[in-house]
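Next come two complexes built around subunit A: one with subunit B, the other with subunit C.
Up next, the complex of A and B:
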């Protein structure tokens, strides 16, 4: 009896945790369809007015375009670099490997404000501050460790004999890379692309430092908020949230696919 | 005589300060089934990997069909291997796995498809072409791995503990498949295993390795009955090893046997050239040891205490303790057991004919 009661209790607890985490986002979602200007209960009537208002503003479109351009480039760059880093770790043993790995995983542990300032200082020295390229470079630095972690996990599930088997069957190093390593890592690469795009799409602090006039969506949201309380924010926030969630869920789906694909337990004839 | 298919000429393999293979000289003929056998870490897999070009040699050279292979990359050698883990490509289906080697050699699609299907049929895997690898049983995956290695029709096939992951009954069946294939194809098989039963059941010649060195090379029977040294005697079969020194180099009435004295007492052994006082060790195969309840007539008899028993199919292995504390193994048929008291600690006698002892060269080495 206690087991069953415990199970129910732990479910209630889990539900409460999720409610706590998602309540602010849910509130923003609900108020984005609310006709009242100020978020208050009782709600007014249902409206798409704030969405119409937000997306008739060319600045919002510009910000979304910038964000998408940045997110797309960051996804490609950081996944490529992350893959190379992870493969190096998988394939080679060398003296300073722990240091190499620690460095590769370092960026997310640096406070974003520090990172933003450092990026601004450096990029302005090379004449890139305030450009879209600056945002892409900064976000690539931030997102690469995520890509590396996802691909490294996948490579750790690979039988090391697989690559040697490819050489043994006549594949050159590049042939084995193309015909064995890349196909094996396929799901993880797609997962890394989604995840790094989401990291970039959501990132505010560093982008705020280096973006200049090329505002990304989170930077633009802050600027609107600084001016006034505008329910447009709820509408834009909802779109941003859905975009990121879609990317993260896609990344997760790829992770699930790959664990299902692992060889089943040995069966006998 | 023409050069053998494979020659290891003074090959050494070092990893940093560790020497995995110490000066190996070995030749393997065309069409031979050779098993490299030894405990883990003896260098057998390293030897196989050097043959496949997956490990570089530190010294000496490996020649295949007379050609020095030291600088030939793995993918340029025709030495396909069947891996212990099988290493099938999980993202390819059965047919695509088998086609892989042909694809890497640039064989065009229709041709490689035809040959892959042909090999799958030959190994009894028709109808599985479009299956995913993880939908196959252990034995079926084994066959796919074999087809994948043989589809390029190589002159030799390397096998690295290919049956280690299979259930016992499948191992026997796959042994049959492998021996039949090897005979039919007439190609060289180099088979690495730590399992004596696999090596002895299939190989024409067995290479016993220990600690990076070849301890003995010979046909299975010979290695089993006449181990060249103590290492082989302990590794191969279930041998009892007795040490001692010669007290009488063959002066019994028939002049046939010598006598040695050791911790278990005096033992009659085959007459040897050894002089009195020389250190000697002998191996007595467990299946040549008799066990009786009462004291037997035999010259070599030791009163023992039963420690435990182990069932090996139709026979049983008894582990007994000699008065000096050493362990003696005896392999008996079920029928012989019926007259014995098999409670642990029971007092039993072991005995064997002097001729059953095999003198190990190198004394106590």
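Up next, the complex of A and C:
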């Protein structure tokens, strides 16, 4: 495990693991421009046919519109709720706090099929099943923990005395929130918006159960998949990949750049 | 607490309580209640009967699915942990902190990008006339059947969980006290032995958490067993979908779901208490 041989070996192994993780993403990208119906090697010729075919279908546009509507609403709702929760955890101590945090962070550990069934049963009971609202509600439950985690991480970089200093200088609690806490959390809030939008934009299982006829993009992909091999999926999938990758990269960059800055500089803002 | 401060505190505390109570706890609770409802003439009726539990638990196919799912999820957790470990070890000890940050940066991305499309890509890659078999045929090998088998499902589980397992393992390995490792070397402990006697015990929590998350995700996943594993025999998640989508047998699907949650709770609790147990002196 030591010496040059070991170092090279461990790099090769790392490369293999990354290749495995990214192979399906790259494959889908390559296949989307490939003329063969059943892609294999050697590859066929370059074509935009699958993109043209997919995006001349009005159903695909409908699905993208629904997905955007859902992802946008989910991002706003879950980031707002996630911020409240992160701030509560940062600022207040109270009885039952472990239970409070468990409630906030638990949803992603429940299998999506089970969440789907539970949401379907409950939302049909209250007459919401099959609506876009149903998808927004369910995705907000799933996405809020991610928003909370991102914002909580940012708050843990803040000196708790900062808020108290604002009060001593005459700011009300609301004033300190507006002028100290919110600006400090700014990048994390943008990061949470991107991340929760990505979570919603990719979620297919719960959406499949509750969306009815208001299909989102992943639900549409799921239903195409149940038919035959259809290279259109690669074209739609590549667009989906690029969208969610952009969102996740943005989310990470927002958190990274600020945390590397000089903390003294931020305090003078 | 003065009234004004109480209002301030509650403004931040209550949103998640209200939202998760209404749209997380109540739906899950409702699902548990539903397992006792009766289905008459294809309609659900509030009731208190045990027939749904009885029906599911007395079926051979339910228990076949149960053991299949449990076995596959356990296997996935073991394989993912073993495959991830050398990579995490390299990231924690053999590369610069900057390179480690970039690696984590890239591993987070696939976790949030369409698993469904990635599963479809594997379908095409692993198929009988797919990329891998075509490549092997140049070497005069194959074709091998990988799709619609346990192998296909396992490739899917690893696609879903491997990035997360590597991230969790890397974090826990990177935070092992370097002095401890050097002390072991100075005392004549071989590199290989140090890994098993010093590094793995010190990083136990992260290693177990990685395996548990892999188990949870694989146990509940339906995409891999359905699209890559061939859906027959069904796993519990496929059983839920088939039972739900094929009509008004929601109470029976709920029985499967509640059984799954109970199993996950037992596994997670056992593993976490093992992770935090103090070693015997």
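Just so we're on the same page, the second predicted complex is superposed on the first by the 255 of 269 C-alpha atoms of A that agree within 3 Å, B and C clash if a C-alpha of one lies under 4 Å from a C-alpha of the other, contacts with A are read in each partner's own complex, and residues count from 1 in each chain.
Keep in mind that, in the parts below, contacts are C-beta pairs under 8 Å (C-beta built on N, C-alpha and C of every residue); 3 or more make two chains touch, one makes a residue touch a chain.
What you see is a predicted model, and the numbers here were worked out from it, not measured in a lab.
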{"item": "Subunit B versus subunit C as contact partner of A:153, first or second or both or neither", "value": "neither"}
{"item": "Touched partner set for A:255, first subunit B, second subunit C, both or neither", "value": "neither"}
{"item": "Subunit C versus subunit B, contacts on subunit A by residue", "value": "C"}
{"item": "Contacts of A:76 with subunit B and subunit C, given as first, second, both or neither", "value": "neither"}
{"item": "Subunit B versus subunit C as contact partner of A:184, first or second or both or neither", "value": "first"}
{"item": "Touched partner set for A:164, first subunit B, second subunit C, both or neither", "value": "first"}
{"item": "Partner chain in contact with A:68 - subunit B first, subunit C second, else both or neither", "value": "neither"}
{"item": "Subunit B/subunit C common contact set on subunit A", "value": "none"}
{"item": "Complex contact set, residues of subunit A against subunit B", "value": "159, 161-162, 164-172, 175, 179-180, 183-184, 186, 261-264, 266-269"}
{"item": "Complex contact set, residues of subunit C against subunit A", "value": "5, 8-9, 11-17, 19-21, 23-28, 30-31, 34, 83-84, 86-87, 89-91, 94-95, 103, 105-110, 112-125, 127, 129-131, 134-135, 158-159, 162-163, 166, 191-192, 195, 216, 219-222, 227, 237, 240-241, 244, 250, 253-254, 257, 260-261, 264, 268"}
{"item": "Touch list for subunit B against partner subunit A, complex", "value": "52-54, 73-76, 79-81, 83-85, 87, 89-92, 100-101, 103-105, 133-140, 148-149, 152, 165, 167, 169-170"}
{"item": "Subunit A residues within the subunit C interface of the complex", "value": "1-2, 6-7, 10-11, 13-14, 17-18, 20-25, 27-28, 31, 38-41, 80-82, 84-85, 87-88, 91-92, 94, 100, 103-104, 106-107, 109-115, 117-123, 125, 137-138, 140-141, 144, 148, 173-174, 195, 198-199, 202, 204-205, 209, 218, 221-222, 225, 229, 233-234, 236-237, 240-241, 244-245, 247-249, 252, 256"}
